[in-house]
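A, B, C, D and E are the chain letters, set down in written order, and residue numbers restart from 1 in every chain.
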C-alpha cells in the first residue's frame, strides 16, 4: 500500500539555502493494510520528517514514496485516504475556534453536499467509535478539553474519511499513562479493521506494544528493521541494543553490563545496504561478516 | 559570519539601487519643467535671451539626451561623487552644498539618538515592575513619544527661547560670531544646538523608555530570570541580566527607527532654522531644486544605510546568539 | 514610537473570555480607547453640530477663546474650534487610510512570505528590508514634492505605501512560527487552500497582534502626515490638524501670543497618538498574562 | 535701554581690529528678508540671486534713484546728460578707487555695458537700441543710441553695476553669467568679510570714495545679512532683539508695532509699509469670457479687495487704485480718467454689468453662463505654499461668487504655474512681477508689451493685444524723463486704455516690507517727523532706490 | 529528619476561583533519601516543588508548615526564603533548556551568581562536578545556545547543586530527553547524592518506571493530595492504593504486546481542583469505591514507611 523507496530528505538552511542537512537518508520500507509499523529512534533522527513526507507536507529530496502505486502529491484526493495525527493535540487545534471545527473543515472539502443532520450523525458515530461522548466534547474550545479527548477527536476526524493509512506521530507523548493506553488500544482496534498505521515514537515499549513491524532509525538512516519480535527480542544493531538498555523498566534495573559494540563499518560512514540477518530482520550492520 | 554580512550588504546594495532609481525616475513623472522655472526666475525679458538660457541649462542638466543615457550618466556621475548642480544655489555643486549642512545634522542626530537611546533604556528598565515609577514615568513617556516633533520644537522655541530668553531660536551659531576653534564659539554652537537637540532627544526618549519597559517585563518573566530568582539571586543581578537581554531588541529597534528619527531631525531643523539637511530639503522643495533634493535624499539614504550597517555590526558583537546562529546551526 | 516586539505567538488557551474580562478592567486600555473615541466622536459630530465652513473668514481676527469662539480665532478670523473638529476628521482619515493600507500590504506580504517560505519569502523579505531601510519620510518628501498632494486620501495612500515594511516583518515572524503549528498542517490535510489557511487559520490566531499592528500604523500615519503637512507638503485642500499647525506656525501664532491657535491641534495629535499607544500597551497586557500586574 | 551682553566687552578691543571673531553688537547691523538661502554668488550680473549687497554695497551703479524726489542722484557718475537726442554723456567722479586700489575709469564703464552684448546677459536687449559705448577720455563715457529710449535708459543708469575691467577682462560668457565671482572687487562702501550657509558679513571700507565725495558714511561698521528660512523665525529673531531690520513679510506684525515691542515700520498705522509693487489679477484674454472687456470689468468690480486687505493681510497692504500705479507714481495718475472709467467693488453693479453684457444665469445654478449659454467655470491659480496669495485667491473666488461668477482656486506648484503662465494655459492668476522704478514705463511695458509670443516669460501674461497701447508705451519710452508733462499726457491715454479694457485688474499694493528694531540702531525711515523718507530695504535693486541712503542715516541707539 | 511537610495547602488564585493544587499534603523526607513524586498531569507535583523554593505570584500559601533540618521554611515570605534558596533548598527546573541567560558565557554567569550569594567560585570543584556528569570543561566558555539540550540540562544540575543544598527539587528533568540521555541524567542525579552534593532530593516525574530506578521512596499524588507513599519496591510490587494499582497496570512494559495482553487505562478523568468533590477524590474512578469513600480517607501508615490514603487499602 505505502512504499518508501530510497527516500532522502535534505533541509536547506542558511541564506538562500547555502548549506543542507540530511534529515533522512535512503530510507525504504513498506506499510501494508492492517499493519502497524512503528518508527523508533532518538530525538532528531528524522521520524517526523518521514511522517510529514508521507503526508505530502514536505517534499522529498530524492527517492519515491508511493501510495497504492501512485506517487505522493498531497492535495484533496490524497488526503481522502491518508491522514495524520500529530504529537501535540493542543497545537493541532486552532485555539481561537471551537474544537469541532476540524469536522467542519472535512465536511467543507469532502462532503459539501451531505445534509447537516446526516453529517452530525456521522460525526457522533465517529466520536463514539473513539469512545467519546459527543455531548461532552462538541461545542467546546480546545482548552476546555483534555489532551486525551483532543487526541481522540483527531482520530475521530481521520475516521470520518475513508482512510487506509494513518500516520500517528508521537501521539501519546503528551498523555499520561492511563489515557495513553486507551489511545493505543484504539489504534490497535483500527488495525484490525484493515487500517495501516505508521506509528512514530521514541518510546520503545509503546512501539513494542502495538506494532507488527519496527523500523529503528538513527540520524536519518535505518539501522535495523523487521518484525517487532525479532527486533526487540534479538536486537542485532548495537544502537538498538543501547536504546533498549536505556529504557527504564519497572522490574529490571538498568543493566550497564551490555557492552556497546563498536561497529567499524558504521563509523566509516558506510551506511549502505541493509543486510538481511535473518528472514524478516534487516540490519544496517552488526555482527555480520560484511561488517 | 561572512555570509551574514554578505547578505546584509546585498540588501543595502539593493536598497541603494532602488533609491537611486526612484530618485532618478520621479522627476521625470512630475508636472512642470525645472528649466522653465529657472529661466523664469532670471528676469529675462527678451524672448531670444530666454531661449538661449533655456538651451544652455537644458544642456547643462542633460535633459536633451535619451533617457537611458541620462540614467547611466546619472550613475556615472554618482560614482564620481557628483550629485549635479543646485538650481536654487546655482552654480554650486550639490555635493558641496550638502557637505556644508551635514556636520550640523550629524551633530544633532548622533548625540540625540545615542543619548535618548541610552537614557531612555535606563529609564524604561528602571520603571519596569516598579509600580510607582511605572505610573509616573510611563505617562510622560507616552506623551513625549506621541508628540509631533515640530510641535514640541515650536513649544520649546517659544517657551525657552522667546519667552524665557534662555536660548536662541534660530541658526547654528550667533550671527555675531565667526567660526573658529575658540571656547566662546564652541559654547555658542552648543547654545544654539541645545533646543533642537532637546526636542529630538525628548521625543525619542519617550519611545525608548516605553519600549524598554515592555521588553524588560518580558525578560523579567522569562525562565532564566525565574531560575535565578529561585536560586535566590538578588534582584539587582536579575535586572542586570534582563536589561542586557532586553537591550538587544532595542538595538534592532534603533535600526528600525532610524528613518523616523532622521525625519524628526529634518522637521526640527526646519523649526529652528538650523543650518542642516532639513532646512536644505525644505528650501530645495520650495525652490523646486531637484538636484539638491535628490542629492539630499541619496545622502540621507546612504547615511541611514551606513548607520544600519554599523548597528548590524554592533548587534553581532553584542549578541552571542547571532554569532552562534551564523556559524551554522550546529546543535 | 514603540515598535511591536517580535515575540513568538502565545499560547492562547482560554484567552477569549479572559481577554474581555481583563479588557474592561484594564485602565490603560479603557483610557486610551476612551480618549480616542471621544476625539473621534468630536470629529464626527462636531462638524455636523457646528455647521459652517472651517476656512471662512470671520469678523473678529486673533481673538482668544471665548463663548463665541471656543478656541478663539485665527489671524483671519477663522473659528479655530471649527477648524479643529474638521481637522480631527481628516487626521483620523489619514490614520485610517494610511494605517489601513499599510496594514493591508503588511499583512499580505507578511502572511505570504511567512507562510510560503522558500524563495517567495526570500524575495519578499528582501523587498521588505529594502523598503525598511529607506527613510520613508525622505521618500515621501520626494514624492510629495514632485507629484504634489491634493487630498487627504492621496496623502494617506502614499503614507500607507511606505509604512508597511515593519508590519510585514513582524507579521511574517508571527506567521512563521504559527505555520509550524500542527493545526495548519491539519487544515492542509483537510484540503484547505493556502488562501483559506492564511485567512481562516492563521490570521484569526493573531487577531490581537494584527489589531495592535494596525493601531501603531494608525498612530504612525498621523504623525507622518502631520510632519508632511507642517513642511508644506500636505494636502492643498481642506483642513487637518497638521495643516492647522503649519498655518499657525507660518503666521507666527506663538510669537504673536496666539497660543490657542497653536496648542490645540498639536495637543490633539499627541492625545490621539499617545492614547493609541497607551491602549496598545493595555491590549498587550490583556492578551499577555505575563504583563499583567499581579 | 539694555543692550545684549554677549558682545559688549569685546566691542572696544576689537572694533578696529581686522576679522574679529565676534562682531561688536553696537557697530553691527543685522538684516534679513533678502536672502532666502545660502549666499551662492557675488556676481552683480546675476541681479536676481547674488548675495545681499553685491550690487549696492560692493558694486555700484552710475546713479541712484530718489523715488521721493523722482530724480536720479549721481553716484559713480559725477554728472550725466544728453549731448544730443541720441547721445548720452557720463562724466565719472575723480578719485573713485576699486577695492584693490586701481582707479575707476571710463573703460570700466564701457566694459560693463558691453557685457550686455552677450546673449544671455539680462540686459542684452539694451543693445537693440544702444549703438555704441565709448570712452572719450578716462572720465568720460559716450553712449550712442539708435533709438533713444529715455525712460528705459534712466532705469539702466541706476541699475547696471559697473565692474572692473582689469579683473573681469577675458571672462567667458559662462563665467560672466554663472560665475560665483568669489572675491568681488567693487567700488562700494563695503566688502565681503565672511560668508556661511545662512549669512553674509560685510565690513565697511573706511577708504570708500563717497565719504568725501558724497559726504556720506553708512553707519554700521558691519552688516550681517541672514538668510531667513521662514517668516516666523524672522519674527522670533526680531522679538529676541537679534535682528535690526527684517525685510520679510511678517503677517500680524501690526500687533507688535502697536504693542510695546520696540518695533517700527514706515507708518505707525495701516498700511504700515511703503508700497513696492502692485498685485494684479491677470485674466487670460485669449480665453472666453475673459476676452470680453465688459466681463473683465464686471469681474473687477466683483472683487472685494478690502476684505483681502483686512482679512488676509491684516491691513499690512493697501488696496490698489484702479490704475494700479504705485503711490510713488501718484503724480502720473489722471484723476479725471479714473473718475470716469475707474471701478470699485460693488457686487450689485457687477451683477448688473454682467447682465447688461449678456451674461445671464440661464440654468439657475447661481452662476452666470456665457452668452452662448455654455457654462462659465474659471480657475484662479496661485503657487502652492504662497499662503497669503492662496488665502487671497480663496477670497476672490468667494466674492466673485456673490456676483455670480464661478471661480475655483487652484494651487499648482510654482513650476507648474510658471509653465502654465508661459503657455497661456490658465484662466486667472495673481502676479506682481514689476517693482517700483523710475518710470511708469516699466509698468505699462508689463501690461502692453507686444508681440505676444508663444511663451510669455515675464510680461503681458494676459496676452492682451492692443497695438495702440504698445505704440503709446514705446512712445512714452522716448519722452525725456524731465518732461513730466509729456509723460503725463501719454500716461493718461494709457490709463484710459487700461481702464477701458482692463487687461489686468490691479488688486493691492504689496508692501516694502521693513520692520526694524530700535534696540541698537535708531532713526529708521518713517513717515512721521524728521525721520528719513528713504526705503529701509536690502532687497536686490533697492539699495540704489534709497536703501543705501537709509544706512547712512542710522544712528546708534546707545548714543 | 531532613524535611517535614505538614498539612501544606497552596492554592492558585484564578478568575474563576481558587485552584486547590495542594490540599493538605503531609510527608517526611529523611537525610539522603530520594523521593520520587509521581502522579497524573495536573495533580500538583510542580506546585509542591515550587512551594518549597519559590512560589509564583499567583500562589497563595493557605496553611501548613514546612520544616527543613529543624528550621521552618518561611515559604510564604519571598524575602525571608532567600536565605534558604540555593544554600538549603535548590531546584532543577522543568525548563532547564531555557534556564540559562542566553547572553552570558556560562563561567561568567556562574561566577556572578555565586558571588551574589556571597560564595566564591571554586574552579576545581566546579570542574570536578562537571566531569562527574560528563561535561567537558570548555562548556564553561560557551554560550548556552552552543550546548545541546542534554548538556544544558546537566549544566543546570551542576549549577543548582554547587552550594551543596540540603534539599534538591528536580522537576521533570528528564521528560524532554530521549531515553539514552535520560539515563545519563538520572545517573548523574544519583551520583550527586553519592558524592554528598545534596542530602535529599525530590524527583518529580510522571514516569513511574524511571522513578523506580532512582528513588528510594515513591510518593503518588492524586488531585492535590497524597495517595500513597512507600519505598520504591513496595510501590511497584505491592501497591495498596487502587489508583497506584491501576496506574501500574496501564504501563506497557517492553515485551508486553497488545496482541498478547491488552492493558487497560483508568476510566474517567481527575476532578477539577477548582471545586474538588468532598470525600475521596478518586472515588469516581475507583473500581472498588464504597460508601465510606464519601468521607475523606486519612493518611495511614499501613506498614513502616508505607502511607496510604484509602479506606479500602
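Rule of thumb we're sticking to: contacts are C-beta pairs under 8 Å (C-beta built on N, C-alpha and C of every residue); 3 or more make two chains touch, one makes a residue touch a chain.
Keep in mind that this is a model prediction, so the values were computed, not measured.
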| item | value |
| --- | --- |
| Fewest hops from chain C to chain D - one hop per pair of touching chains | 1 |
| From chain E, the most remote chain by mean C-alpha position | D |
| Inter-centroid spacing, chain E versus chain C (mean Cα positions, whole Å) | 50 |
| Rounded Å distance between chain B and chain E, as computed from the means of their C-alpha atoms | 55 |
| Between chain E and chain D, distance of the C-alpha-averaged centres to the nearest whole Å | 93 |
| Centre-to-centre distance between chain E and chain A (centres being mean Cα positions), rounded to whole Å | 31 |
| Numbers and ranges of chain C residues touching at least 2 other chains | 148, 232, 249, 254-255 |
| Residues of chain E touching chain A in the complex | 40-41, 177-180, 182-183, 186, 206-210, 212-213, 236, 246-248, 250-258, 262-266, 269 |
| Partner chain C, residues of chain D touching it in the complex | 230-232, 235-236, 239, 250-252, 255-256, 307, 311-312, 314, 384-385, 387, 390-391, 394-395, 411-413, 416 |
| Chain C partner contacts - residues on chain B that touch it in the complex | 10-12, 14-15, 18-19, 22-23, 26-27, 29-31, 131, 139, 142-143, 145-151, 154-155, 157-158, 162, 207, 210-211, 214-215, 217-218, 221, 249, 253, 255-260, 262-264, 266-267, 270-271, 281-282, 284-286, 288, 290, 293-294, 296-297, 300-301, 304-305, 308 |
| Of all residues in chain B, those that touch chain D in their complex | 31-34, 36-37, 39-50, 52-53, 56, 86, 88-92, 97, 100-101, 157, 161-162, 165, 168-172, 174-180, 182, 184-185, 270, 272-273, 275, 279, 282-283, 286-288 |
| In the complex, chain C residues that touch chain A | 11-16, 122, 181-183, 185-192, 201, 204-205, 207 |
